[in-house]
Each structure stands twice: as structure tokens, then as C-alpha cells.
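Next, two complexes with chain A in common: one pairs it with chain B, the other with chain C.
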Partner chain A sequence: MTPAGQFAIRFLPYLAFCVAILLVPQFIDDAFLLNKYARYLVFAILAVALCLSWGYAGILNLGQATTFGIGSYCMAMSLKLGTVPVHTGSEGLPDFMVWNNVTELPWFWAPFHSTTFAIIAGVLVPALFAALLGWFMFRGRVTGVYAAIITLATMVVVNLLIIDQQRYTGGFNGITDLAQFEAAGFTFDAYSASTYYLVAGCLCLTLFVSYAITRSKTGLILQAIRDQEDRVRFFGYDVALYKVFVFAVSAGIAGVAGMLYTIVMEFASPTFLGVPLSLSVVIWVAVGGRQSLLGAVFGALIVTGTQGALSESETFLESWTLIMGALFVLVVLFLPKGLAGACELLVQRFRSAAADGKASEPRTPVATQPESAS
Partner chain B sequence: MDLVISQLLTGLSIASILMLVALGLAIIYGVTGVINLAHGEFVMLGAYCAWFLQSQFGLGLIASLIPIFLILALFGWVIETLVIRHLYNRPLDTILATWGIGVMAQQLIRLTAGGELRYVEMPAALSRSVSVFGASESAYRLFILALALALFAVTWYLYRYTSFGLKLRAVTQNRDIASSFGVNSGRIYRATFAYGAGIAGLAGALVSPLKSVSPEMGTTYVVDAFMVVVLGGAQSLFGTVASSGILGELSAFLAFHSNDTIAKAVVLLAIVVLIRFRPQGLFSTRVRA
Partner chain C sequence: MTNSQNLLELENATVAFGGFLAVSGLDFCVTKGELRCLIGPNGAGKTTALDLICGKTPISSGMIRFEGRPIDHLKEYQISRIGIGRKFQVPSVFRELTVRENLRIGNSRDPGVFGNLWRFGGKTEEPERLAELVGLQDELETAAAHLSHGQTQWLEIALILAQDPALILMDEPTAGMTGQETRKTADLFNRLRGQHTLMVVEHDMGFVRDIAETISVMHQGKLLAEGTLEEISADEAVREAYLGSGGIGHA
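Right, the complex of A and B next:
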């Protein structure tokens, strides 16, 4: 097959997926459903973020929710200030600050009057945070399990700090009663097609950017680092730099997801930085296939979709967690590459069967093709 | 002076509970390299066993310790056979699989025993306080401390002076070579996992009178226990004792001078920094390959 043809085959599923999610509002008019689907798509963005660092660079980030939460709080601060004349005590302070006897707006809240600033901060703050943490970890050649524990511990610390600093962050309750997101004079109602399009558009963009990264030379080196870190280092590449880069990009994407989540859910809460969410992301990516961006997206959609459907139905209300847990263990045991890996295997079987059918042809070309490059 | 001693005792009490929970985790991680995220749930199951035996059969806490150890060891044995056995060459996947097991265990308990808080009664003989160098401390907490040390001594004896311990150390150092010398490494791993699970069950049973028993109680323990293991170094049993002592006293000290939340955050940060500069732990000289 020609390289262009192979590229088309690889790229086509992504294109088809993007068209499909953008078409959904044409067929569904229920605002409540659209809000729910938008939420699932936000999770898909988060899954792409983890897939980049875990699937492609081998960094198991058990604290992916940290950067998600930071993004979410950035947006929530901005949207909270958007409500100031309404939900406020004296002197334009957010309501929870008034309850906590804060008399003037803290300096780090002030710039969030500007939506543009909030959006930039929502991407850059998580990315910088991750870059610092990554620099700290990867310069010291911390890998594998230890990186996982550091990310987990860091997340718990950030979570504790947010809960502790109730005066500035709303504590346990988080930041609630937010304004609707406005950009370029257009208001995004959380329960409308506009927000859905916003989220779906961001997901498509994320997918293409991530796809470009994984197909680039950097992406190739990252995969090499995942498979044989020392060998890449011996070739003279700065392994830590590449890891910090992908860690920061992944965090930036998670930050975008966090901002969108606040827009869709209309609040921000410390649970967004919680261990359960962080581990859920790992599950989505593991189920979907950690070495496939689209697989991760489908993993997130399938798992959260099933979760939503099962927890709504009467019979499964009690037992859905049990079923999810069992499913997850089975996937880890029998499908280490997730659903995407299973699909790839099926395609390969199908192809080699087709090749067997043509008895006159030698079957070697199929077997030796570097199919498993991803 | 009283204040200092009572501070030290509080720290020791935290440390003994930490050590009970971390000991099982350290054994499992040190020997098999499995990150057992379900460890907190093993602790939780132990606590529920204590509650069940007490409320259904009227068994006192101390009398039920041995049955609880056996039940949890059996549970660990089954889990190892069904799931963990297949994942020894994929250490990161053990994190995922054991987490799935933990979720299932939690939900199973929620479905069968209910999600509400349960209470286990303290043994009557120990529900008073005794005076230690002028500071008063609950007798039960001292009992836990003694039992934790005793359990450590037993584990250390097993590890150091029995034929099982010898095989265990051999398998830890090099599984393949140990196998080729005729050590049944699969069985050693399984026994280790069962033993670790049993100890976790004991830990759960022992803390059950101090804290309320709920399906979620395990998650708070597992992170702390991990920090103990990481701090102490996975290979070193003494490291586990020392690091639970350090962490216990440190949390008690920080909690006294600021608040619980900040204490926890500072301890975690200290551990993050430690992993970065000394990933093999404070008390270990060798790193697992």
C-alpha cells in the first residue's frame, strides 16, 4: 500500500469520528441529553490527555485530575466574577468570600475578571504546573511506579490545600452559582446545542493536535522512550526534556477539559481533583486502548456512557460499580491493549485470512508489514 | 513534660496503626513487586469481619483476631490465584487490576452489609486509660502498639529464620535462579500475598473500635500505607517500622502545631521530595531490578 494510502486509512477513522460527534445535535433536540453527552465528550478530552503521556510516553499519571481541576477552577473563578452584581455581598465579592469574612478580592482573583485571561490561565497554569513537576521528576530519572506515586501524592496535596483554603477557594463546597460562559459576545447555555458544539469542537481540535504530535518525530522519540528509555538516552537525546514536554502538553489538554467541564456542569469542586476521577481516567484509557488516541476516546465514551446508563436504570442502580470493577479487571487481564488492541488484532486476522485465501500469493508481505507502529 | 510525652504517645499510636496497615503492603510489594491498591479494602474487609463476628456470633474482638486473619488470608490466596498471578511481569497493570478488585470489594460490602457506619466494641478489659510517665493513654492504643510490634517480630522471624523465609528471600533476589534451584516461586508468591492480606485484615479488625467502619474506610489507609512503604524502602522490614514511626510522630507533631490538613499536605510533600532524591527509600541499600 502506498504511504499516502496508509495515512488515509489511519486518518479516516478520526475524521469520521469528528463528523459523527458534530452531527449529533442534528438528531437530538433534548437539552438535558445534549448536556449529558457534552459531559462525556469532556471526559474523552481528558482521556486523550492521559493517553498522550501514558500510552505514548509511558508516564502513568495517577494525578491527571490535578491539572483538570486547576483548569476547572480557573474557569470557575472567571465565571464567578461574571455573576458579581447578582451573587454577591458587599463590594463585589463572591458570596462564599463574604461568608468567610474576606474583605477584599485576593490579588490572584483580580485578573480573572477577564475571560481571555481565564482561558489562557486555564491552559498555561496546568501546563506550567506539570512542567515544573515533570522537570522535578524526570531530571531525577524517576520512572514507572515512582512517577505514579509522586503524581498521586501531589494531587492529594493540591486537593487538601484547596479544601483548607476555604476563604479563597470555597473549600469543600467548591465554587457554585456561576454565570454562563460568554465569548465574543455569544453566550453558551450549558443546556443547549451551543455548549455541545463548543465541547465537540475542542475534542476534535485536541484529537488532531495530539495526532500530529504522535505522528511527528517527537512522537516517535517519545514512543522509543516508552519502550527503551536508556537506549534513547545513549543515542544522545535529552529524555527528560521530551518527557517534560509531553507531560506539559497533556496537562494543558487536561486544563482545557477542566474548563469545559466547569462550563458544562456549572460549578467547580474539590472532587474534580479527587483520586476517584483520576483513577477513572486511567480505566477509560486502559479499556479503550492506551496506545490509540481514538481508542482512549471510545474508552471514555463507552465507560462513562455505560456508567450513566446503568446507574439510571432500576435494576443496576446498586450493582453497576460491581460490574464496572469486574469488567475492568477482565480487560486488564485479557486485553492489555484495550478495545483498540482487540480491533487491531481482528483486522490483522482478517487480513491474513484474506491472504490465505489467495493460495498462489506468498503471505509474507502481510506478516512483515510494520503494522504495530502505533 | 506531660505534653511532650502525650505528644509522643499520640505519634506512637498513629505510627502503630500505620505500621499494621503498611506491614502487609510492604511484604507484598517487597517480595512480589505488586502494587496492591486493594490493600485498603483488605483492611476494610478485616474491620467488617470483626463487626460481623461480633454482632452475629457475639465473638469478642480478641477472640476473633485469628479467624479474621485466616479469612483474609484465604481471600488473598483466591485473589492471587485468579488475578495477580497473571500480572507479575506487568507491574503497572497490577495497579489497575488491584484497584478494580478494590472497587468490587467496596461495592460488595455496600450491597451486603449496607453503606451505613458500623461500630465495633472495644474489649472491656482494655477500655480504660493508663498513665504512662504521667500522661494518660488509652489502654487499647497501647495494646495495638504491642500487637503491632509482636506482629513485626513474628514476620521478621519468619523472614529470617525459617525455610520459607529463606526461599522467600531467594525469590525476592532473583526469581528465575531461585526457580531453577527448585524453589516453587509461584507458591511462595501466593503464600506471601495471602500472609500480607491476612495482616491487613488484622489491621482492619484492630482499628475498627477506634474508627467507625464504613465501605470507604480503606481508601484513606492505602495512600498513607504506601507512603510508609516508599519511605522505608520496599526491601526492608525494619525500614517499614522506622518510617511508620517517623511518619506517625511527624503527623502528630505537625497536627499539633497547625491543623490536620496542613500536616497531611506537608508529610506528603516531604515524601514526594524524598522519592525524587532517594527512590530506594531511607533504609534500603539495594533497589529492586
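Right, the complex of A and C next:
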């Protein structure tokens, strides 16, 4: 097969998926359903973020929700200021600040009057936060379980900080009663096709950028680092720098997901930086296949979709945690590469069966090896 | 002892693991373009000496110079970038990646994160040429995990060639190879001679005989003798060091 042909086969599923999600509003007119689907797509973006750092570079981030939460707060601050003067007290202060006897808008809130600033901050603040954390971890060669625990602990600290600083963050309640997101003179109603398109478009873009990264030589080196980090150094690659890079990119994507989540849900809450969400992301990615971006996306959609469907009945809601746990154990035991790995195996079987069938025909040999971690 | 001909100089290099001196006061020079063999009984400190040069193990005292500049304070990746490549005793390749992908990683002329973001498959002649050189041309799309032991050794050698460093450190490159494979490797090394400076740790005396110009013998972390095969075979101290391990031929 020509390289172009191989590229087409690899890339086609991505293209088909993007077209499919962009077509959904053509067939569904129910605003509540579109809002729900937009929420699932946000989770898919979050799954892509973890897939990059965990699946491709072997960095298990148990605190992916940290950067997701930071992104969502950046957007919520901007949308809160957008409600002036409806949900505000005197001098354009957000309502919760008035209740907390804050008399002046804090300096770090002021720039969020600008939507552009908020969007840039929603990507850059999580990315820089992760770069800093990553710098300390990866320079110090903290790996594996220890790195995972540090990400988890960091999330708990940030979460506590947000709850503690009620005067500036809304504490437990988070930031509620937000304006609708406006960009380029267009208003995105959370319960409309426009917000759905916004989220779907961001997912497509995320997939495309992430795909490009994983197919580049940098992506290859990240996979080598996952495979055998110590060997990579002796070829002259600065392993810590590569890990910081992918960690920061992953955080930036999670920040985008967080911003979109605030737009879709119309609030931000400390639960967004919670342990349950972070562990859920790990499960989605494991179920879908951590070495496939599209696999991770499907993992998120299938698991959250099932959860959404089941949560409509009381009995299932109670046992959901149990179901998730069992699913995780089953996948880890029987499908180490998740659904994507299972699909790849099926395609391979099918191909080699087809090749056997056509054995008499002269043909150029096709590589039947697994195209590892495509 | 700074000599412009010397590519690599170890001066009184010492490595202590706890109180144990794995390398103790090692003085050692390799000149440009040379193929140097390093032999010695098990536990003599050969691997540790290579670890020292490539930055895997920090030096306890002493000095290492490469092209006249001290390198013992540099990180592994920096040492690699100035032109020192290393093949490990336990063959060490990226098992989940294909041979072609392994070779792309070996070529690290531009090791930057951002430059490599814009580099995709592209020109693919180099991996093919190298794969052919080590007899892996039919395995380009095979995951390295599926290669035989000898093939894995060769793949790692090819990775070093892709890296193209001025100085190549090889730790027991023929371990686990069949006699025929070993002879092919000797051919390959003889072809590399001159283009690269090689420092080869080897146990197989037949192989050493095939490739060696100068042989250095290590014992208990020290340099015991240096010279041609005849000279060191006749050396009394060398004979003594190998006593009990069945003579130099079985080292």
C-alpha cells in the first residue's frame, strides 16, 4: 500500500466521525437532547486530552480535572461579568462577592471583562500550570505511580483552595447565574444547535491537532518515552522537555473542554475539579483504548452516554459506581488496548482472511503487522 | 596529557557504589578513528566505565574529556548531542514501535520538541539503507518486540548508526548471537572503522581477534594492560587476572 493510501485508511475514521457529529443537529431538533449531547462531546475532548498524555506518553494524570476546572472557571468569570448589572450588586460586583462583603472587583477578575482574554486564559493558564507542575516532576524524574499521586494531590489542593476562597470564587456554590457566551456578535444559547456546533467544532479541531501531534516525529518520540524513557535520553532527546510539552498541551485541551463545559452547563463548580470526574476520564480512555484518540473519544461517549441513559432510572443510578468499577476491571483484564484495540484486531483478522481468500491473485504484500498505536 | 589526537580521555576516573569502587582511578585514552576493544573478567567495571562516559552513572572523582572539553557535568542527552552514542549490554530498543519507527528515533540530528512537530514520515530512504546494512530490510514494519535476540542487537546497532555519533560505545554487541551472526557483525565493524571511533566491550575473543587494533584490559576497576592481542596475551598480570576464569580465551 502506498503511504498516501495508508494515511487515508488511518485518517478516514476521524473524518467520518467529524462529519457524523456535525450532522447530528440536522436530525435532532430537541434542545435538551442537543445540550446533553454537547455535554458528552465536551467529555470526549477531555478524553482526548488524557489520551495524549497517558496513551501516548505514558503519563497517568489522575488530576486531569484540575486543568478542566481551571478552564471552566476562566469562562465562568467572564460570563459572570457579562451579567452586569443583572446579577450584580453595587459597582458591577458579582452577586456572591457582595454577599461576602467584597467591596472592589479583585485585580485578577478585572481582565475577564474581555471575552478574548478569558478564552486565551482558559487555554494558557491550565497549560502553564501543567508546565510548571510537569517541570518539577519530570526534571526530578518522577514517574509512574508517583507522578499519578502528585497529580491527584495537586487537584485536591486546588479544589480546597477554590472552596476556601469563597470571596473570590463563590466557594462551594461555584459561579452561577451566568450570561450566555457571546463571540463575534453571536450569542450561544446553551440549549440550541449553535452551542452544540461550537462544541462539536472544538472536538473536531482538537482531534485534528492531536492527530497531527501523534503522527509527527514528536509524537513518535513520546511513544518511545512511554516505551522506554531511559533509552530515549541517550539519543539526545531532552525527555523532561518532551513530557512537559505533552503535559501542557493536554492541559490546554482540558482547559478548552472546561470552558465549553461552563458554556453548556451555565455554571462552574468545585466539583468540576473533583476526584470522581478525574477517575471517570481514566475509565473512559481505558475502555475506549488509550493508544487511540478516536478510541478515547468513543470510550467517553459510550460510558457517559450509558450513564446518562441509566441515570433516568433510580435503581441504576445507585449502582452506577459499581457498574463503572466492574467495566474498568473487565477492560483492563481482557482488553488492555480497549475497544480500539479490539477493533484493530478484528480488522486484521478480516484482512488476513481476505488475503488468504485471494491468495491465488498476484498482489503486492500488505503489511499485516499491527500499525502500533496509530 | 591533553593530546589533540585524543577524542576521549579519562583521567583518574573513579566510581564508588557505597564504599565499593567499581571503577577506581581509571586512566584511558581513545584516539580519533580508532577501534578499541575493552576486555576484562566479569565485574571488572567495563559496563560501569561506559556508563560513566555516557552520563548514566555520575563520576565520583576524576575527569572525563571529549574533544578536549570536560563532559562529566553534562546530562545524558547533552553528552549524546555532542557526539557520543551508546549500545547497551541488554539490547535496548523500543519494543512497541516498528523497526522503521525505531530508526526514525535513532536519527536525532534535530532533537527539539517543536522542530519535530513539523516532521512527518517524509523521506524514508535512510531507514531503508540502515535496515539493509544490518539485514533487517524485510522487517521494517515489524514491531521490535517480535524480533529475535540477534535481530534486536542489530537493530540497536542500526539505531546508533542512525544517530551517527563521533564516538560509539558498544557493550557486548555480539552477546546471544550465533557464530555466523557474530562474523557478520565483525564485518560490519570493520566497515565502520575510520568513519567512527568505536569503543567495544566484548567477551568473545574470536570477535576481538577479528576486529581489534588495540586492546585494553580492565581488572577490579583499573586498567591492567594495553596493547595488541599478542602483547596482552603474553602479559603476566593479565594471565593472573584471568586465572580461575579459564584463561583469556574464555573471558
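FYI, the second predicted complex is superposed on the first by the 354 of 374 C-alpha atoms of A that agree within 3 Å, B and C clash if a C-alpha of one lies under 4 Å from a C-alpha of the other, contacts with A are read in each partner's own complex, and residues count from 1 in each chain.
Note that in this section contacts are C-beta pairs under 8 Å (C-beta built on N, C-alpha and C of every residue); 3 or more make two chains touch, one makes a residue touch a chain.
The structure presented is a predicted model; accordingly, all values stated were derived computationally and were not measured.
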- Item | Side-by-side fit of chain B and chain C on chain A, or clash | fit
- Query: In the superposed arrangement, which partner chain does A:120 touch: chain B (first), chain C (second), both, or neither?
  - Reply: neither
- Given the touch rule stated above, what does A:137 touch, chain B (first), chain C (second), both, or neither? first
- State whether A:224 touches chain B only (first), chain C only (second), both chains, or neither. second
- Which partner does A:183 reach: the first (chain B), the second (chain C), both, or neither? neither
- Task: Rounded to a multiple of 10, tell me what angle the C-alpha centres of chain B and chain C make at the one for chain A, in degrees.
- Result: 80
- Message: Contacts for A:283 in the overlay, against chain B (first) and chain C (second): which applies, first, second, both or neither?
- Response: first
- Query: Taking the superposed arrangement, what is the smallest distance in Å from a C-alpha atom of chain B to one of chain C?
  - Reply: 12
- Item | Touch list for chain A against partner chain C, complex | 3, 212-213, 215-218, 220-221, 223-224, 226-228, 231-239, 241-242, 245, 367, 369-370, 372-373
- Over in the complex, which chain B residues touch chain A? Could you list them? 35, 83, 86-87, 90-93, 95-97, 99-104, 106-108, 110-111, 219, 223, 226-227, 230, 259, 261-262, 264-265, 268-269, 271-272, 275-277, 279
- Using the touch rule from the top, collect the residues of chain A that touch chain B in their complex. 60, 62, 136-137, 140, 142, 144-146, 148-150, 152-154, 156-157, 160-161, 163-164, 275, 279, 282-283, 286, 318-319, 321-322, 324-326, 328-329, 332-333, 336
- For chain C, which residues count as touching chain A in their complex? 54, 56, 75-78, 80-81, 85-86, 88, 92-98, 101, 104-106, 108, 111, 113-114, 116-121, 141-143, 146, 159, 163
